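Below you'll find a set of structures to go through.
Presented sequentially are two complexes of chain A, the first with chain B as partner and the second with chain C.
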Partner chain A sequence: MHLTKSPKLHPSSLRKYTAFFRLHFTMGLQYRTAAAAGIATQFVWGAMEILMFRAFYQTPDNGSFPMTFQATSAYVWMQQAFLALFMAWMMDNEIFTCIIDGNVSYELCRPIDIYNMWFSRSMAGRCSKAVLRCMPILLVAAFLPKPYGLMAPASVPAFLLFLLTLITGLAVTVAFCMLIYMSAFFTLSPEGIRMVAMSVVEFFSGAVIPLPFFPDRLRGFFELLPFGSMQNVPLRIYSGDLSGAAMGRAILVQFLWLIILVALGKFLNALAMRKITLQGG
Partner chain B sequence: MITLEHVSKTYKVSKRDAGFSSAWKALFHREYEYIHALNDVSFTIGEGEMVGYIGPNGAGKSSTIKILSGILTPDDGTCLINGITPWKNRIEHTRGIGVVFGQRTQLWWDVPVMDSYELLKEIYRIDAHTYQQNLERLTDMLHLSELLKTPARQLSLGQRMRCEIAASLLHSPRILFLDEPTIGLDAVSKLAVRDFIRQLNQEQNTTVILTTHDMQDIEALTSRIILIGKGQILLDGTIDDIRLDYDSTEEALAAFYRSHGI
Partner chain C sequence: MRLYWKYFLIQLKSKMEYKTSFVLTCIGQFLISFNVFLSVYFMFQRFSSVQGFTYQEILLCFGITLMEFSLAESVARGFDLFSVLIRKGEFDRIMVRPRNEILQVLGSRMEFTRIGRMLQAVVMFIYGVSVSHVTWTFPKVLTVIFMLIGGTAVFSGIFLLFASVCFFTLERLEIFNIFTDGAREYGKYPVCIYGKRVLQICTFVIPYALIQYYPLTCLLDRGKWWYGLLPLAACLFLLPCFALWKCGVRHYTSCGS
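The block that comes next holds the complex of A and B.
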């Protein structure tokens, strides 16, 4: 099948996608009430999770636990602070509706690559949400008594690697969500795919239970899945659970998945551009 | 210069009878019907022409506009717009065209209109000078100065339509497609939009292709009409070719549709 080639991304055309990022980032900053509600929810949720883990850690043989209680607390607080970056279910409904009702035709009348545009838009939306929410959570968690709070990162290099993998993890999450957006071009009712995908991501990415708590062989397998390259890597690097060679390997896997998911998404995009019939008059 | 030759497009539409039992059957066996939206359509439109593209609902107007703007790939036929095949080279093609869909919005909903324009400036890579010039001219002609700071969602339909039209023209396109630009507008807004389109065509020599159900739009703006029905071109001429001795263009058009069995 002949596919229309999407244009190469050279620096001058990158500008329009950064402009998209800027617009959607500033747009996201408008929603203050949603952010306040989110912060409250995430505090309660984080506290509940830590209390639950505390109960487990009070069993006599807690020495066999894969992470220290302090590391688990840090994992949970970081997860809550940066929830908006990694929660796959926080998808952009506007993208789905514009595909389903055909408004996407306007986007297609412009000299712009749909995939790149939605990618930067999703990144921006998640970043603005996270920026609004992370500070209060990080601040309070930092002042909670040991081992319930957030400790300082192990070292400066570890912190820099945390930031790097945070961004890569976000990109992997967005690249995965892009596949679901693209599926809307083919099914018209993406709800089913979306729900299944969301539960899968939740479970396999360590959003419910951090991956180290799974049995070794399962964990080894989970870490190789794309979902293991989302929040699992940065959160464990911050909490000091992931370091050395294992960390190097995890970062490599992250980049590999990013490349694979983006390539797959672009392929679906090209296919959609060729095959779609736009809905509505 | 727009040339469309022998363009056809067929849609596959799934059909079933109403009711539970046919819905159940459709789970296992779908029945499809093929709708010929466009059937061997050809026309040529020269630079600077203003053409009314009309026809009853479902005649294939929107399909044609979509093909011309590079969104839809036809099954058959060729189309060259200023030397480019729209669907093969969508991104390059879209730099030279402006599109307004009367029933949709291209402005970003939650931000002031000006923010949308700034983004369009980046998308089309309009240089600062041209952008400033176009913005001033459009603001002046469409009376936008009061509207630019308002979020799109808080504009009335007429105000929004003026902003939409300006948005489609910021990059100085040579060709403008207007798909029902006056739908739902009040008399004042309609007149303003028509005046503007006429002026644009005269001063900038922009090619305008206009689809509408409003015969007054056609009478006010275009000398040439292309009339399409059931996916085929029924008439390529002037409004006088169908007007004959009917009282209004509306009646003349209805009679014309009837005589063609549509």
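The block that comes next holds the complex of A and C.
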């Protein structure tokens, strides 16, 4: 089936996508019980992670620590609070189902660009989850005793940069997930690719252990990968581990990857649209 | 047992209809638990020991825990989707059949992609055992076997426990992941490194420490000899889980159509 090319993104049509964002944002806010359960889970998870690191910090003869224990705690709490923004496995199952069962045809009939729509939709879903979950975790973490809790940000500019990179990091994550959504057009059984991609993202983005804990040479390499531009940058800026010239470079790399991933996603999208076969009937 | 085998074959055949996806999902499962190993590996690239445990000892602990979990998972993970059975009212069908309910629930769904994790567990187990500097004697081998039995019992008990809770909540609570996937994830290190409080909880509330930390000290010649028998005591954990299941079955009111 051939479809006419979707309209270009025009300033006035941006309103459509912000509308999609608002719609999915408010939809996501409805799941409060799920959020409460999620918060409890993440709280225990964060606590265990910190206790694990504490064991390493407490052991004598463990010489060089790449981050202070306080910074590590802050990193872990921030990671748990904003988990929904960065965890690649939190993908929108509806998008996969609609590609597989053919309902995507309805979406294609609309006078909108499907890439932009899904992009804003994914951003919204992640934001609403994070908004629901972050506050209680941040609050409790802020009141925990000194090295275990979350400290105030180093300075106002650092905090603003944290927010900025948080958003770009989210955008990079979503742009990467878009590639996986797009792959479903070609494979129709996205489960496998999805799982492989997830574990790769987890490892290289610093979700398993923070990137500074890797040996220096590997770490330098990991920071240049697109995965290093996800949660690694904002979390480390907040904990004060990343600053100065290194921070500037990291932000630059973030924007670069955002552009590359979006371009790649749009290209795959165009390719998929040209040869799409609709499933189901 | 014959019935379980039959369920097993049916499920396997249905999954084999989608081969590529199956293989990729297996790889995915493998990689996800491989990440845990990598995290241990890279932490020890930087640090030499944690709370008196060396890299080799941690690997042994990780290998055994992962093996325990995978064994339990291959038996009892069917309980994971039990809430779906309840909500759709499919449990009614199970109740009217003249067979054991638990067996039927387990047979209703099997995840063969877990074979990826199982493979990982076997590799880690063999690797962990071979690099550990333990001099293997008969009691120690017996301890490892006890650990595997006890561990499978405890993790299966947890799966059963959470399925039973679904009778009352109708909803699978995300918080339970802490006790299954969380326990697997953090079981890579002996429970004691997380501090005294955690160790107490893991000894008296949910007996993770009985299948992991205590017998491990026995293997490493640091604990008392009877620590090696504790995994068998952990099997008792199945009793309250089973009681709750029975209670749930009795209170079950169908909610499907």
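Everything that follows uses one rule, which is that the second predicted complex is superposed on the first by the 270 of 281 C-alpha atoms of A that agree within 3 Å, B and C clash if a C-alpha of one lies under 4 Å from a C-alpha of the other, contacts with A are read in each partner's own complex, and residues count from 1 in each chain.
The criterion applied here is as follows: a contact is a pair of C-beta atoms (placed from the backbone, for glycine too) under 8 Å apart; a residue touches a chain by one contact, two chains touch by 3 or more.
Remember, predicted model here, so these are calculated numbers, not experimental data.
J.: So, on chain A, is it clash or fit between chain B and chain C?
T.: Fit: chain B and chain C sit side by side once superposed on chain A.
J.: Tell me which partner A:208 touches in the superposition: chain B (first), chain C (second), both or neither.
T.: Touch status of A:208: second partner only.
J.: Quick one: is A:200 in contact with chain B, with chain C, with both, or with neither? Answer first, second, both or neither.
T.: A:200 sits against chain C, while chain B stays out of touch.
J.: If you stack the two complexes on chain A, which partner ends up touching A:44: first (chain B), second (chain C), both, or neither?
T.: second
J.: Who contacts more of chain A, chain B or chain C?
T.: Tallying touched residues of chain A, the top partner is C.
J.: Superposed on chain A, how close does chain B come to chain C by Cα atoms? Whole Å, please.
T.: 8
J.: Where on chain A does chain C make contact in their complex?
T.: By the definition above, chain A touches chain C via 34, 37-38, 40-41, 44-45, 48, 51-52, 54-56, 58-59, 61-62, 64, 66, 187, 189, 191-196, 198-200, 202-203, 208-209, 213-215.
J.: Which residues of chain B touch chain A in their complex?
T.: 11, 62, 66, 69-73, 87-88, 90-92, 94-95, 97, 99, 101, 103-106, 108, 110-111, 115, 118-120, 122-125
J.: Which of the residues in chain C come into contact with chain A in the complex?
T.: Going through chain C, the ones touching chain A are 18, 20-25, 27-29, 31-32, 34-36, 38-39, 42-43, 45-52, 173-175, 177-178, 182, 186, 189, 193-195, 198.
J.: Inside the complex, what are the residues of chain A that reach chain B?
T.: 4, 7, 12-13, 15-16, 19-20, 23, 26-27, 30, 102-103, 105-106, 108-113, 273-274, 277-278, 281
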